[in-house]
């Protein structure tokens, strides 16, 4: 297929490469051109990348996606599809859906689960929602990018809700570990013993292993996912849930702790530095 | 070894059987005698069960353990060991440690992770703390009861802290799932699809599979672990952490939701009925 | 002075009348013209109301103020002053300050404390911030509108922060009363006796008398200040505090309870219906 | 009347003096005898103080009251009345009620609102519950001690619930001020200006003036009411509410902040040092 790809961050670059490998014709666009130069076909604007059957956006936040989408709505051919894969608000997803539909274009929300390494290995999980025919048309792309695609119905914003809910669940697991490590450490338990105990008994999922280790070792830098990005996602979760009149008390709690982390200057630490916040709250010095 | 076993609930009966199978001489005591009658050697009181080298207590709560321990301190031979395997407060554990030490007796805290099926299969995880020689002496018993024993140092109450922290982490995972299911369900996501998505991607640990299914299906009865027992453990966690000056904000949040569950008459539902509380908060009718 | 007045809700109408009474020349604008007809000089647009030395805006929310301000920036004479008296976000206040300053115009934030009756009686409290000369120029207007003006420095958004913080403190007093009434009522205390006790001993401020009575009698309708407006202000408080990296855990708690109130269909009840939410959480039937 | 008075702390001494002034025959008991020596009639034990028609207890906590009560139940004449005026748990109040009733004695719970200065000036507020005849008999004593007595029904523990609920409301007002001052201070508002504004507009009650000033000036020492005492009362409130299946989310929040205050070594600061906790959370240095 002839595809435009907008947004070549760590995730986007790896994904665009996999689409090329799978034999698709990919034209890329990135605001900072240097990151685009490994690719053969480079567009000078999102609009220029929108000449094919599909354009994929994989950008940092609502603001960047909104900017790009306003160009795409003008540039896409009737019947062409915008596949929005960024982690964004369901509200923006809904506005894009309306704009593309009005313009006779297709729109799919297909955010992903997985870190850059999973993107590179084409092992992402893809959370897709949109009209059945558009989803069918994009199936080969999803297969080139991920290990499994979950179809979440015809309403694109629902996929964005699911993605945000997954990040909320990750944040909740991190916060619970943060509190448990602070408590047990103050009660005299060796953090490494505790980590081994948790992750070889009840909490065997990778999320507990990964974040448990970071908290046990207070290894908050270099950051895999920085605190302000974590806060952004929790904020999006709270706003999206609020728009459905759903309170998320755990997300509020985590939100407040993350805001407190920024107050202490943790903006370059990994979001698992909620562990340091919990330790400080308990009067513990850094390890 | 010659062992007394006090407390033949679902967990205790299975454990006592495994000790017999391993060739130990086990004398049992249970307040309700009927549950003891499958065993050959039945004591008429905890004191009578305390004639051997080791006595194990596996009872419902602090109150029951405290009552039994007061008899055991009087009855145990010098050098004999009380192995306390119930889920109790670190504060009681510390009082028992002092009483037994003063009486020239040994004391180990060795609470367990695992449900009755794991107890029956001798697949428990044992969280043991106490003097090294006493732990060494009890090693064959632990091997007969569980698949792995974690040694958590020489201070028995530390093992009780770790056990309570594990139950806190379970409760936190349940509450986070409760909120995530309420939100996504209200946003139109099918709970079964969402469950499959979560547990085949980021949240593969058994705890998410087990409790995710109960919440997805609102299958809160029959209860595997009733709400008041969950509340009791969260209350013990909060009190124990408070005694170390450690706030546990997530535990407080869960505590309040569990109290609210009892206010609505959920005392016979599984503690995963936090899922129904979250659904009610979101204005959702039962499935 | 020659004044434009934009926004003739319950508050704005009363305020515009007081300015007339004090001898100022007032041209009014309201989107719904009917509410303007009691006044002699009616503008057809915010821009048309901006012909004098000062234009005052008193509108429902950020959206309405932002729309009006975009016209005012184009229409105001150099040196003329926009006095923004609505309850809005500090972020919007800052954007307006920049826009007016760039256009050579003055900008003051001067939100108020007080209900429509206080506005009618010229008994408002005015929370004003902005350049000292502009504040001095507007002093006669403030004297015509309120009983006292607090000067909060030269930075207009600071006044908006203070206004939101006052509404947060009101919401916190309401929520604390909500929980205290639910608890004491369930413990068998007559709500009227409890109200009398509280408000004649420690809690003599009008806020406790007003909201205590509403909660004691569950008199949530007709609403003096509807739940969605309360939620809007708490949301603005959380966002403004977050932009300064300040967590407000009590505001988060109240936010979640208000979202839950909307989930139960309380959108037309007074914000003191937090009292009913607390009662429901405690398993109490309505009075 | 012939009265025993047990407990001569700052409150109790002042109260015993007022009973003497009113013409009653008062025999006092205090664990530390030195505090008793200003009085003419000194008992050597609570039992010895229990020879008259009424014995009043005014002690530090449940533990001290429980110890004294066990003596009083044995020593009081049939028909004599124990008036329990300490701030204690409703649960202990209920146990004392049962014990005294079984012994044919009377029991009233009559905790008070007011600091030592109010006690000295006989300006306490008295929150009394118990059998109507016993209340009538004690009326002259209440009149000698306080400015007003509120009758809260025939069930003594209800008065203890009301007292704890008042302390909860105080703590909630303090915490809300703590958050509001941290936020506005970080936004550049002068704390003294903010204090003046709050307490001369919406929040005129003494509680806002007293605690607002302490927080505005960070004047947390010498403590009027130390943090651990505040925490004790919040803990009693949570436990009492839980026993009625009433969640108190604001009390949980405050509880956690107080535990965090102790973790930072604030045990000798006034409970309004919640203000410093909020400031630290916001990344603010001490004033």
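All chains are identified by letter, namely A, B, C and D, in their written order; residue positions are counted from 1 within each chain.
Methods note: contacts are C-beta pairs under 8 Å (C-beta built on N, C-alpha and C of every residue); 3 or more make two chains touch, one makes a residue touch a chain.
Note that the coordinates shown come from a computational prediction; the quantities given were computed from them, not determined experimentally.
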Reference chain A; chain at largest CA-centroid distance: D
B-D compared against C-D, more contacting pairs: C-D
Intercentroid distance (Cα basis), chain D paired with chain C, Å: 37
Between chain C and chain B, distance of the C-alpha-averaged centres to the nearest whole Å: 52
Residues of chain D whose C-beta touches two or more other chains: 241, 245-249, 253, 257, 260, 263, 281-283
Interface residues, chain A side, partner chain C - complex: 235, 241-242, 245-249, 252-253, 255-257, 259-260, 262-263
Of chain A, residues touching chain B in the complex: 90, 113, 125, 127, 148, 150, 152-153, 155, 157-158, 161-162, 165-166, 168-170, 172-173, 175-177, 179-180, 182-184, 186-190, 193-194, 196-198, 200-208, 240-241, 244-251, 253, 257, 281-283
Contacting residues of chain C [partner chain B, same complex]: 260, 263-265, 281-283
